[in-house]
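Below, each structure is written out as structure tokens.
Below, chain A partners chain B and then partners chain C, in two separate complexes.
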Partner chain A sequence: MEKTQTGAKPASRDGDGPANAAPQRPGLPAMLLEIPGVVPALSFAGFVALWWAGAAWNGNSIQLPTPPEVFGALVSLARDGELFTNAGLSLSRLIVSMSIAVLIAVPLGFWMGLSETLRRYVDPTIELLRPISGIAWIPLALFIFGVGGVLPVFIMTYVAFFPLVMNTFAGVRGADPKLVAAARTMGVGRLRITARVVLPSALPTIMVGVRLALAGAWSAIIAAELIGAPTGLGFAIEWYRELLASPKVFAYVGVIAGVGYLADLALQWLQRRLTPWTVGGGLS
Partner chain B sequence: MSATAARAAAPARRGARFDPRGLVLPLLALIVWQLWALTLPHDSPAPSPARVIATFIELVRSGDLPSALAMSLGRVIAGFATGLATGVTVGVLMGAFRPVRRVLEPIIESFRPVAPMAILPIAILWFGTGTPAAVSIVGYAAFFPLLVNTVHGVSRVDRKLVQAARTMGVSRPRILAKVVLPAAMPSIMLGARLGMSVAWTAIIAAELAVGSKSGGGNSGGIGSMMFVFYAYSVDLNGIVVCMIVVGVVALLIDQLFRAAEARLLPWRQ
Partner chain C sequence: MQAVENAKLRLKDVTKTFIAPRTLKPTVAVSDVTLDIMRGEFVCIVGPSGCGKSTVLNMIAGLEAPSDGTIFMDDRPISGPSAERGVMFQDYALFPWLTVQDNIGFGLRNGTPGHSLSAGEIKDRIEAHIDLVRLRGSEAKYPHQLSGGMRQRVALARLLANGPDVLLMDEPLGALDAQTRLILQSELLRIWGETSPTAQRKTAIFITHDIEEAVFLADRVVVMSRHPGRVRALLDIDLPRPRNEHVRTTQRFGELSEEIWQLIRDEALEAIA
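Moving on to the complex of A and B:
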């Protein structure tokens, strides 16, 4: 199994692009631009201005509401608490299914990494199921679980399972055999080797798997809730679309992005806490 | 935020020796499933392997499945082409020109956590429930992996190569075409493969949701076929057939892109 994190990062601060010429002459405007946060703020301002201009030109607030309308909708949704109810429900479904997926996939991946026999038995089945996207399970799962909270949890657990199992496996396999051999020559028991040598060296890869799983699950929950749940962010967004309450639809799109982003930030923090030695190592 | 990019790397264990042990679990599952189905009353809608195969043959013979598949594939290709054109163009600009990147990056990063499915209601508002809505979802889904990987590839191009070309008086557009793009090609191909697999998932989701949320309008395509099986004809065997077809197509797409990578980038091997 090839390592599961190729092509990872869009490589942020690794020097200039190839065709970048013109060294900047330090004038006052250029110096202002060097203050962190100025450029993002400006580009957001530009984005909002473009959006506003487009909305004004379009003139149809059902198709494209203006920024103040969307902001107003966001405030009113937050004020009557509906926003937090839906976001909380979706988030708790996300946490439940991530926990189930971790509890199943990580031990399985670990075991597959340690036992070649088990891998030979289980791996082809995983590879058979993996191409069937979680989304494609929705109709069948709707049939089995009905419309409700179980469906999104099932779909997300399924989606999260594959990156977790594959990254755990890759991490365990990637453990330096010399370290394991060294521990063994010193008479360390198998269980202790697993816990003290293999686990720490697999942890960074597992954490990458957790983040991939979260991103996949978060994108699947919207589809699952939109089709088969009476609550949650995915449901709310479609509900307001049917009512043609576009400002609320756009507000919820923003909320979905925000919650997904915050969840990833939380995982990045966890990653730094659990595996501080990989920070800046290009693994994230 | 490497999610889309890092989904890369499916195991490349092709060419490994065939091992019969791998068949044990799937066969066991099939047998248990079939036996379980035999215990059910005859008119039960529950799927069984035998009925799934029968349904598959029937659906192929009637032409429903091939035409739905063609519909979905057509939409995926149209959407993917849109995503490819925009993703690579913006990606090259962002990778090659630092100011462009500084300006666009915050906006791109804030759109990235917006799942394609969250865009669906907006797409329906704008384009109705037909093909354009589905294509725009697919394009949106494919855009991000392509963009991120293109930026990554272009910004990693060896600067010495670019400088060498420049000292020899090669013009900028030619440097871009002859030096930068080939060097960034492996990354772009990876982005294309990821983008295509996301696109295929997105089309199923879009068609399913359009089927379920637009008053049952049948917009065609394999996702909406699944929804019809779920909501109207209650044909679980049909649903399972569709799931398997979706999986097989995903696998074939992946293989196709890997083969293309091997052909186009022989120096990578």
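Moving on to the complex of A and C:
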């Protein structure tokens, strides 16, 4: 406040603007954004620091273990190999359920995008089911499938279904009518237009749906395995909770975050491969 | 007036009525348009916005059906789109997921124009059209990596590669800067076949809101008026071909432009009021 008039004077005397509109040097936080990897590392470090402080203040390793304890548990679980067994099982369940969901939801959404009649018949049911969390079906699934590998697959397929069907539908509906018209004036038949114009038009939106579906399904797997499976990451969390082995519980939580993150990176890579025209520059 | 057997396209009492989406009232977009377009003729349609010129073009393309009246091509009524009538859209309508060469080859690979061609012949035709519009070196790029003028040339190459009898162009140069426009106007006349005998030229219908562009390009200018869209006047452009940049400075060029402007002026002022 004391330097409003005098302090900024040498910097900007060229215009008639107010004195405090002097060109600003970017601060250190903004400058660090330029270096790849630094800011995510700082963000994570900040989180770990808060956690550590909280754990130290709390002083109860069962309620909240410290970062070193969790890291130690992670290393021992990895050495033991059980971490990889459980992560592999959960990941394979994710892949199976995503595959089933894509095979059902993408054709259905595509067809709904093409046929207003079908959409009118199917849409009310979808809208009715969509707000119901996948977890809500666990009791029913327990009766039908019992405890085992099928239950989490069922729950995840259910969760993944909705973003896939909605995004596929939106992508088909959003296909540029000009492009369809252009293809028609080149003597291209209806089937070919669907395959060569509507499908690639919808593909970027479908890929967004795939990523949303994966995120949703991966969130649901824990609850599903917690209750309904004798193996997997969710089961391991529940197992070590009963043993009061909190560091191991937290280690598994960390694995869930890591696997989810890597799976999304893989999808982003796929996205770049399948829809290269959406990378670098606008969609015009 | 001219012998009917020379007409490539005949529009007979063509009317198009829309139901306005908001008011649900029927709106006459095009009313009683009767027009013969000769084989090898370059016709420009000018008129204030809202005069239905794009609707006329879409009906000739077969993308929309007239509510009343008929459009004939070679004395057969038009019932839908066909590769015989190629369209170049205002915003080019290039496929963003295809490279320049695949855009040019889209109709040849997927549509009727390529049915009698082998894969090798299609490849040769794509290559020839890349050269024709001077896009060598950019054939593997995607549309979003190109400038406006280059996109326009891709659209033109795609149109021509399909070998249509009739070229339908809806303000294709509208989005370009003034200098690029002038260059591409001359290029368009070259590609259309200005230097070849009339029999070898394609029939071209070109929509524009730029009067001087219409005078420079056309054999005949159709002036349309709005509310409802109808043909107000037909003007023969008796400037000699091939035309070069000098034609723009001639007295006759100015007279023709002035005449068209007088026909449009009142409505154009109304349209912006």
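Heads up, the rule we're going with is that the second predicted complex is superposed on the first by the 223 of 284 C-alpha atoms of A that agree within 3 Å, B and C clash if a C-alpha of one lies under 4 Å from a C-alpha of the other, contacts with A are read in each partner's own complex, and residues count from 1 in each chain.
Everything that follows uses one rule, which is that a residue touches a chain if its C-beta (ideal position, glycine included) is under 8 Å from a C-beta of that chain, and two chains touch if they have at least 3 such contacts.
Since the model is a prediction, treat every value here as computed from it, not as a measurement.
**Student:** Once the shared chain is lined up, is A:S246 touching chain B (first), chain C (second), both, or neither of them?
**Tutor:** The answer is first: A:S246 touches chain B but not chain C.
**Student:** Mind telling me which of the two, chain B or chain C, contacts the most residues of chain A?
**Tutor:** B
**Student:** Let me test your reading of the model: by the given contact rule, A:A53 touches which partner, first (chain B), second (chain C), both or neither?
**Tutor:** Neither partner.
**Student:** Check the residue A:L270 against both partner chains and state whether it touches chain B (first), chain C (second), both, or neither.
**Tutor:** neither
**Student:** Please indicate which partner A:I62 is in contact with in the superposed arrangement: first for chain B, second for chain C, both, or neither.
**Tutor:** First partner only, chain B.
**Student:** Does the superposition put A:L142 against chain B (first), chain C (second), both, or neither?
**Tutor:** first
**Student:** For A:A45, select first, second, both or neither according to whether it touches chain B, chain C, the two together, or no partner.
**Tutor:** Touch partners of A:A45: none, neither chain B nor chain C.
**Student:** First (chain B), second (chain C), both or neither: which does A:A183 touch?
**Tutor:** second
**Student:** Under the contact definition given at the top, report the residues of chain A touching chain B in one complex and chain C in the other.
**Tutor:** The overlap between the chain B and chain C interfaces on chain A comprises residues 284.
**Student:** Where on chain C is chain A touching in the complex?
**Tutor:** For chain C paired with chain A, touching residues are 61-63, 80-83, 85-87, 89, 91, 93, 95-97, 106-107, 110-113, 142-145, 158, 162, 168.
**Student:** What does chain A use to touch chain B in their complex?
**Tutor:** For chain A paired with chain B, touching residues are 1-11, 14-20, 39-40, 42-44, 46-47, 62-63, 117, 120-125, 127-133, 135-140, 142-143, 163, 166, 208, 211-212, 214-216, 218-220, 222-223, 226-227, 234, 237-238, 240-242, 244, 246, 249-250, 252-253, 256-258, 260-261, 264, 284.
**Student:** Which residues, counting only chain A, touch chain C once they are in their complex?
**Tutor:** Touch residues, chain A against chain C: 176, 178-179, 181-189, 192, 196-197, 200-201, 203, 275-277, 280-284.
**Student:** Under the stated contact criterion, what part of chain B meets chain A in this complex?
**Tutor:** Result: residues 1-13, 19, 21-26, 29, 95-98, 101-107, 110-111, 113-122, 124-126, 148-149, 151-152, 154-159, 161-162, 172, 175-176, 179-180, 187, 190-191, 200-201, 204-205, 208-209, 212-213, 223, 226-227, 229-230, 236, 239-240, 242-244, 246-248, 250-251, 254 of chain B touch chain A.
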